[in-house]
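Read through the structures below before going on.
Both complexes shown next keep chain A, but they swap its partner, so chain B is in the first and chain C is in the second.
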Partner chain A sequence: MSALVFELKDTPDQRLDLSPLVPERLDGLSHKDIKAIEISTTRETLTVGDAFKVKGKNAQDIHFYGTDERCDKIGARLAGGEIFVDGDVGSQVGARMTDGKIEVRGSAGILAGASMTGGHVAIRRDAGDQAAGPAFGETMGMKGGLLTIGGDAGELLGERMRRGLVVVGGKAGDYAGGRMIAGTLVLRGGAGRYAGYGLRRGSLIFTEKPKDILPTFSDSGVMEFDYLLLLEKWLRGAGMRIKLGGRARRLMGDMAVLGKGEMLILA
Partner chain B sequence: MPKLKVKGITIVETFAEAFPMVGTRIIITAPTMEWALISARIMTGFATSVIACGAEAGIERTLSRKETPDGRPGVAVLLFTMDTEKLQKQLRNRVGQCVLTSPGSACFAGMESEKRLKLGGPLRFFGDGWQMSKMLGGKRYWRIPVMGGEFLCEDTVGMTKKAVGGGNLLVLGKSHESVLAACTRAVKAMSEMPDVITPFPGGIVRSGSKVGSKYKGQIASTNDAYSPGLKGAVNSELPLDVEAVLEIVIDGLSADAIATAMHAGIHAIAKGGTRNGVTHISAGNYGGNLGPHHFHLKEIVG
Partner chain C sequence: MAKKKGEEAELDSALERAADLLGRARFPVIGGLFTDIAGAAAALVLAEKLGGAVDHAAGTGLSRASRVMRETGATPASFGEVRNRADTVVVIGKGPLERDPDLIASLFPAKLGLPRPGDNKREVIFLGLDKVRTPRHVRSSSIRGRATLPELVALLAANVRETRFDIRDKALRTKLDRAGERIRNSAFAVFVYDSAEIEEPVMHTVLETVRHLVLTTRAAIMTVAAPGNGDGVNLCSTWTCGLPVRTSFARDVPEHDAWAYETDRLLETGEADALVWIDALEGEGAKRPKGAPTVVLSSIPGRASKGDVVIEVASAAGDHDAALYLAPISGIGMVKAGKKNKDKPTVADVLTTIAELIDARNA
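Right, the complex of A and B next:
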């Protein structure tokens, strides 16, 4: 069965709330029913049919084409199935999702994977601020699953993150891992200022030494971490070849708070 | 009916009687295969029989770097007991005292099931609050700080209630040397079979037992019917020219695994034929009244 395809007709004149376009909501609906779903975010009503050409049938495999940074909440609360996006996406892609996979070929806006609890969000290019952070109204950020960002991440990556794994291919902005409660960030291109600010538990893994390290992180020296070997092999199984090795310098912190988190800087 | 023979060795028309057990598999890794094996051997030490050891355990096989979760050399270990509670206790104690303590070791689940045993869960408290939990792909791992660095241990491991213990072969021969050589071949052949272990020293038991004793409180005693030195005094099962009998006990995660291992073992024993001194292959049972699993040699050989 062919994928259910949504092709953006034109640049919309308002931001779109695409959170209804997830498999569990669309399964069994006719094209007519799907086109009637409201996706507007202003007083001016806008339906799927107004903004998108709709093709295909398989609601477990949804494809978006021609999307831009105004297409918000793609795959928000996704509970299964796959979503493929050929283009950029707006805010909250995969926010609060519990399972399934979202693949974005372009860049994402703010709050990508915010408060997600499971599944995989893969963003090929950049992600905006607060990726893996707390979704609106939530007290905690990402609570599980995997978020991969091929390019750079904005500020406050993984803010108040509780669990899960984030891998950033490029550079992360300021306050990466800020107030993190637990979880793991793998940062391949370093981070801006104040990385690990308020870190309670959790791990920030740097493949290169970061420029600035908060003075409230305490050096424990270099040692072997079998966990890094486990993580490297697991990432390889998930399609990511990242050399972590087993040796790293461990800095514990943030001593200004609980201090049971760590930065692991590969040695 | 003609006697069943394999390469001239008589296959006694009897059966091995085996019992239900519960079992699990863990994977121990280390910086080198030598250290993985040291850890695994210590963990499976004093685990020949549930009669007095609390568990039956052994090394199933070694694992290449490709087969282990952390990409280091590893060893798969099987552990069996009579019930889940005992299995949990033995697992915790043995991993805690023998794997956690072993330099460079890490410990992972080697099987999946809905019902789980705690593996790293109870051991994390050794970290005294400095332990870290890590979730990867839905599995929880514990990183426990130790003097040698860090002990990495998966939180839980699967188990099976369909394990079988006490599959066995008795090898009869004209000399101790010949029987020992035949049993050694059999154990080697069985070690290449999946899901089984032979928990006794080198996989071989020289003191097979019967249930009960003339002495009060002794739950098992020498198998006099198979003791060569008692041929003239008891209702012996041995021909006069048999000088030694050795037994191979097999525990497995399933009855099929035991049957497969017994098949491999019988053919490895028979490889040398009768010229090496082996005369009979038999099996131990209790009349079929105790264990629900009966491995008939006639069927196994086929």
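Right, the complex of A and C next:
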């Protein structure tokens, strides 16, 4: 069965709330029913049929084409199935998702993977601020699953993250890993200022020495970490070309708060 | 009196034109909101009718403070408590004194009204700024260095907890050690900051420090009031619709999004196609953004000469009595007009009339 395809007709003049376009909501609906779903965010009513050409049938395999940064909440609360996006996406892609996979070929806006608890969000290019952070109304950031960002990430990456794994190919912005409670960030292109600010527990893994390290992180020296080898194996199994090795300099922090987190800088 | 495209026009005509503009708009934003509680309440009613959004010119700081409060809670102290009972006050950054240059004089009066806990002489610690003049009976010190303000906050927090941290600057280390000891030994330490100046993770570190201190003593935070009755407007929004400013009324239920409903962003991206800009408080002015047809409600017409529809309104607390957020009582109180002037309509009058005109057209 062919994928269910949504092709954006034109640049929308308002932000679109695409959170209803997930498999569990669309399964079994006719094209007519799907086209009648409201996606407007202003008082001017806009339906799926107004904004998108709809083709195909398989609601477990949804494809978006021609999307831009006004297409918000793609795959929000996704509980299974796959979503493929050929274009940029707006805010909250994959926010609060529990399972399934979202692949974005372009860049994402703020709050990508916010408060997600499972599944995989893969963003080929950049992600905006607060990726894997707390979604609006939530008290914690990402609580499980995998978020991969091929390009750069904005500020407050993984803020208040509770569990899960984030891998950034480019540079992360300021306050990466801020107030993390647990979970792991792998930062392959360094980070801006104040990485790990307010870190309680959890791990920030730098493949290169970051430019700035907070003075409230305490150097524990270079050590062997078997779990880095396991993580490397797991990441390679997930299709990522990455080398972590088993040795890293460990800094404990943030001593301004609980101080049971760690920064690992590969040695 | 009202102005239309720079020319004098009757108030009725301006109101009609404003109603036309807003009635046609797809997604208007009501911004600035330098107004009293009645003006804010009328703005919320109009926003709901129009399916638009509300924001305040000080929305960035207000949103940060709201998010911090919602996420982890906070332990704020009232101005009176700090003035009468705090033995140690830590002023974080330049923001608090820029917002209120008389803050130190107000917090440290020569005579205290209430008994104060502990035996410490009162002290103020300036973190990330130079010492300013303090009354004779108050000790003061300043902690500065090459470190940035977020780093200084983290270092002081670590010192209060007596955990290990690495700095090479011995002079800074000595100052931090002394401040940390003083704060630990305080009967009531209060950290003062401006939510518009420091980022959320930094605020949370301050709050974590307070939570650590209250295990053994008393501690709290005090934030300086936002400009333009921001705290009053934010409270009014919260008690009216359950959400702070930067809320949209376009859909079935109000939706708060501190990023999506920021005035400047909405105008820059063209997502908002009309703006209602309210700037009507005695003594304060808000800088108006551009980018959409605008209805300007201003108490100083000179501030808004290029608006599409300009309506001169009375200034709250200048021309008419007004309910405003008052920092000294940490609450909302009535402020008498400086010089009553009934010739000009209030913001609430104008917004209510515009809402009625829109209703009449839709009837």
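Methods note: the second predicted complex is superposed on the first by the 267 of 267 C-alpha atoms of A that agree within 3 Å, B and C clash if a C-alpha of one lies under 4 Å from a C-alpha of the other, contacts with A are read in each partner's own complex, and residues count from 1 in each chain.
As a convention for this text, a contact is a pair of C-beta atoms (placed from the backbone, for glycine too) under 8 Å apart; a residue touches a chain by one contact, two chains touch by 3 or more.
For clarity, every value in this text was computed on a predicted model and none was experimentally measured.
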* Room on chain A for both chain B and chain C (clash or fit) -> fit
* So, does A:L230 touch the first partner chain B, the second partner chain C, both, or neither? -> first
* For A:G164, decide between first (touching chain B), second (touching chain C), both and neither. => first
* To do: Please indicate which partner A:T184 is in contact with in the superposed arrangement: first for chain B, second for chain C, both, or neither.
  => first
* Scan A:R201 for contacts with chain B and chain C and give back first, second, both or neither. => first
* To do: May I ask you to decide whether A:V222 touches chain B, chain C, both, or neither, giving the answer as first, second, both or neither?
  => neither
* Counting touched residues of chain A, say whether chain B or chain C comes out ahead. => C
* Asked: Of the partners chain B and chain C, which touch A:A36 in the superposed model: first, second, both, neither?
  -> neither
* Once you lay one complex on the other using chain A, what is the shortest C-alpha distance from chain B to chain C, in Å? -> 16
* Of chain B, residues touching chain A in the complex -> 29, 69-72, 104, 106, 129-130, 132-137, 141, 143, 149-150, 152
* Across the complex, what residues on chain A touch chain C? -> 13-15, 40-44, 70, 72, 91, 110-111, 129, 134, 136, 139, 156, 159-160, 175, 178-179, 193-194, 197-198, 214-219, 254-257, 259
* To do: Provide the residue numbers of chain C that touch chain A in the complex, in ascending order.
  => 26-27, 50-51, 70-72, 147-148, 150-151, 153-155, 157-158, 161, 163-167, 199-202, 204-205, 208-209, 248, 250-251, 256-260, 270-271
* Okay, in this complex, where on chain A does chain B touch? -> 144, 163-165, 182, 184, 201, 203, 223-227, 229-234, 237-238, 260, 262
